[in-house]
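In the two complexes below, subunit A is the common chain; its partner is subunit B in one and subunit C in the other.
For the complex of A and B:
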């Protein structure tokens, strides 16, 4: 009886002392700033900053390897607090970017070549003869981006993915997930977009979709440099101001929309 | 030598800890969604099991046996293993940071894993020697790693499949684990 008590308490005591000594002599000094910055970041661990998680990013910020404004979910107040904690001049928040699906060819507007009845994943659908959608560049609508989105900001509308910009946390997971590569990051402040990714010539686009870019170049003239042609596809250059209100009405392909 | 090979084969394939003895099921289901995390977990389990077996053998042999305190096995082992893992974590953090960051969060997670305790108790039951205990523990860890890696591969495939609504998520994972366990039953009789 006595021995058992002694042995168990002895083991406990030895372990306790060993741990206490370990904590005292083996501890690695960590910059307390890292903890402070980690707390100020949201802790969503979304990876949009390019680091594995908020902890890794905080370490890089404190080490001076990364600017503190890479976190898209960080509020301006939190950013100011981080700058203050680091003792550096306040850094302006980078312009917020949101994901945009460059296709509006839904089930009513775009044609399908066959009935796809396989695994519900865009990559799988694309592997079957190039996908059921007649347009090679169109949104397949099997929700791969929707499942990749950690913020629940993507909705399928009539067979085409649509990002709700107010919910988007700019993590770019959908951009990487889309097998067609038609999701692009655009400034949240821009509202006029060209919703088409097709590089096919105009005649081909017309045959398969009612809302595709036919490469007519009308918008390039109206936009005064803010829209450029990439082959037969008109692309918005978001660095230039695009404020022509007539654009959506003037587009013969009906693929320019103000949202 | 032959006896060691048989010991290893037995621990890895025939009496696989996860699929045949059903120990360590929580990390088996918990961290098997991604190959990366499952590899980290596997490494941590092999490491902790081997070290824990060595430490618990010493505790059993030099402390519990001489005083006839065999009935205190469970509590003494848990106490020692938990403290030991914490200490190892500190040592690694200080002296081998790459290994520490590779094993990361998984190291403290498995301090009180039933598979780790299971190995310690089994070694006592089998009356194994020191070397035998350590080898057995390492092999058991490798068996865990094997099962976890296979299971992760299966789960990554299932993620892309389209099971009926009622089966989605954990349900289909449990069914898969059962089938995998059945497959491992095929090794029965490999080592007599």
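For the complex of A and C:
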């Protein structure tokens, strides 16, 4: 009995002394600013800034290795607070970008070639004869992007993925996850988009989808340089202002929408 | 000449109904030359062949129309004389798309000389020249994977081959193309097999045939009688997947191919009987591989038939020649029902690896809901490799690809035994396939990063 008590107390004493010495001589000074900045960041750990999570980015900011405006989901207020905490001049937020699925060919608008009866993953569906969607550029609708999104900003609407821009934290995970590569980052301030990614000629597009770009070039004339042609596909150049209100109504493919 | 049961049996495996009776007794029929052939440049594993003809060119039967591009690749030849109508992207039976050369055939063209010089005296020729012929003739593994045969037949010097296994198992249900080839053309298959042995310098030949194909075994035994040899026919217990290379090596020799290894690591090479026939044709007759046996069957085709058809024949033409499809056609499979590929339409052309085309009616294609794994372990019992499909599929489902990789998902060869026995009807193979695709992609990206 006595022996046990002595042994256990002895172990406790030795460990206590070791810990006290460790705390005295082996401690690492951490800049308290890092904690402050980490708390001001969103905490999504999405990696969009290029660092390993918010903590890693905060360390880089405090060390002066990165500007504080690289977090795409940081609000202007939070950015101002970070600048204030760092004691630097307020830095302007980078223009916010949101993800956009460039396809609206849902179950009603776009045709399917066969019944797919397998696991719900877009890459798996695409491996079966190129996917059930007749258009080989269209959204497959099996939700791989939805599961990749850390913010829950993607919803499947009638078999097509749709990003809710107000929820998007610009992390680009969906862009990387989409096996068809039809998700693009666009400025949040732009509202007119071309919802089609098909590079097939117009006749092919017409056959398989009611809302596809047929390459008629009407929009390129109306948009005065803000829409360019990439082969038979019209693409918005977001660097130019695009404010022609007539565009959605004039598009014969019905794939230009204002959202 | 000995016929005996195989001395060993691999673990696992399943017994699907073999459903071969509809076509087992039907002799191979030559398909009338279709008006149009769509010859893919990617009928093999590895880099697609590079087309060496232009639209409008006239080609003769057997003319080289696409050259092998790289070490693992294979030549492609014109199956018939005609005119090149187009060179465009076309779907392949494996569900991908690849460049295809479309030939408008000319049925009146004279037969002409064989494109390569026949070598009837191959027994006196150097193995090297025979190997070159196999490469020229564009021969690939015709059992299904389509690995270029000349690559398989040139193992590195430090891997001596002592056993050549001729694979006539045909363990996939419904198919009879290899079975019929053995019954009707056993002598040619046997001679092809001896040519392969000469190329390899292998000691013994073992023939593996499932014991439900005794007629084929008898025919081959008769052919081997006239060419006495130390070869041996092993009757394998009818069990899926006996036709798989690694399982067959174990059944026949008792040797286990190491994980991630190749048959040559245990001194074996396995060649399909159709490949041996193609080798015979290329060496003895100087004809490249441009036609093969294919079984068209299933309850949704009017006249199930075993065809000997030119490569590039569209499946639509094959079905039309087989009396057409019934109205209740609901599912198409290129290859066998276990490892074949579901096709989106009949507008796909057969390739050097197409051993069968299956048409199933609506009654046979029951849609089902897959459920959560109930951990019964039947898939583990069925897996011929001793993998744990239950754990692998759950890891893949949870996107934990690293876990699947640690549990050797890359060794899975997608035989489908696990999915066949799963009472929860989980799409196990599809999960595994997805995990493998992700891992392959990652490895490729890592290799690329290392390069730059």
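Here, the second predicted complex is superposed on the first by the 259 of 259 C-alpha atoms of A that agree within 3 Å, B and C clash if a C-alpha of one lies under 4 Å from a C-alpha of the other, contacts with A are read in each partner's own complex, and residues count from 1 in each chain.
The definition used in the following text is that contacts are C-beta pairs under 8 Å (C-beta built on N, C-alpha and C of every residue); 3 or more make two chains touch, one makes a residue touch a chain.
Computed from a predicted structure; not experimentally measured.
Placing subunit B and subunit C on a common subunit A by superposition gives a clash between them. Within the superposed three-chain model, A:258 lies out of touch with both subunit B and subunit C [touch as defined at top]. In the superposed model, A:129 makes contact with subunit C only, not with subunit B.
By the touch criterion stated above, A:119 is placed in contact with subunit B and with subunit C alike. Contacts of A:26 after superposition: subunit B is touched, whereas subunit C is not reached. Subunit A is touched at more residues by one of its partners, and among subunit B and subunit C that partner is B. After the shared chain A is superposed, the part of subunit C among 26-34, 242-250, 386-394 or 440-448 that runs into subunit B is 386-394, by C-alpha clashes.
Comparing the two complexes, residues 119, 121, 124 of subunit A contact subunit B in one case and subunit C in the other.
Residues 3-4, 7-8, 11-12, 15-16, 18-19, 22-23, 26-28, 119-121, 124 of subunit A are the ones touching subunit B in the complex. Touching subunit A in their complex are the following residues of subunit B: 59, 63-64, 67, 69, 72, 75-76, 79-80, 82-84, 86-87, 90-91, 93-94, 160-162.
The part of subunit C that touches subunit A in the complex is made up of residues 91, 95-97, 341-345, 367, 397, 399, 427, 430-431, 433-434, 437-438. Per the touch definition, subunit A reaches subunit C in the complex via residues 113-115, 117-119, 121, 123-124, 127-130, 132, 147.
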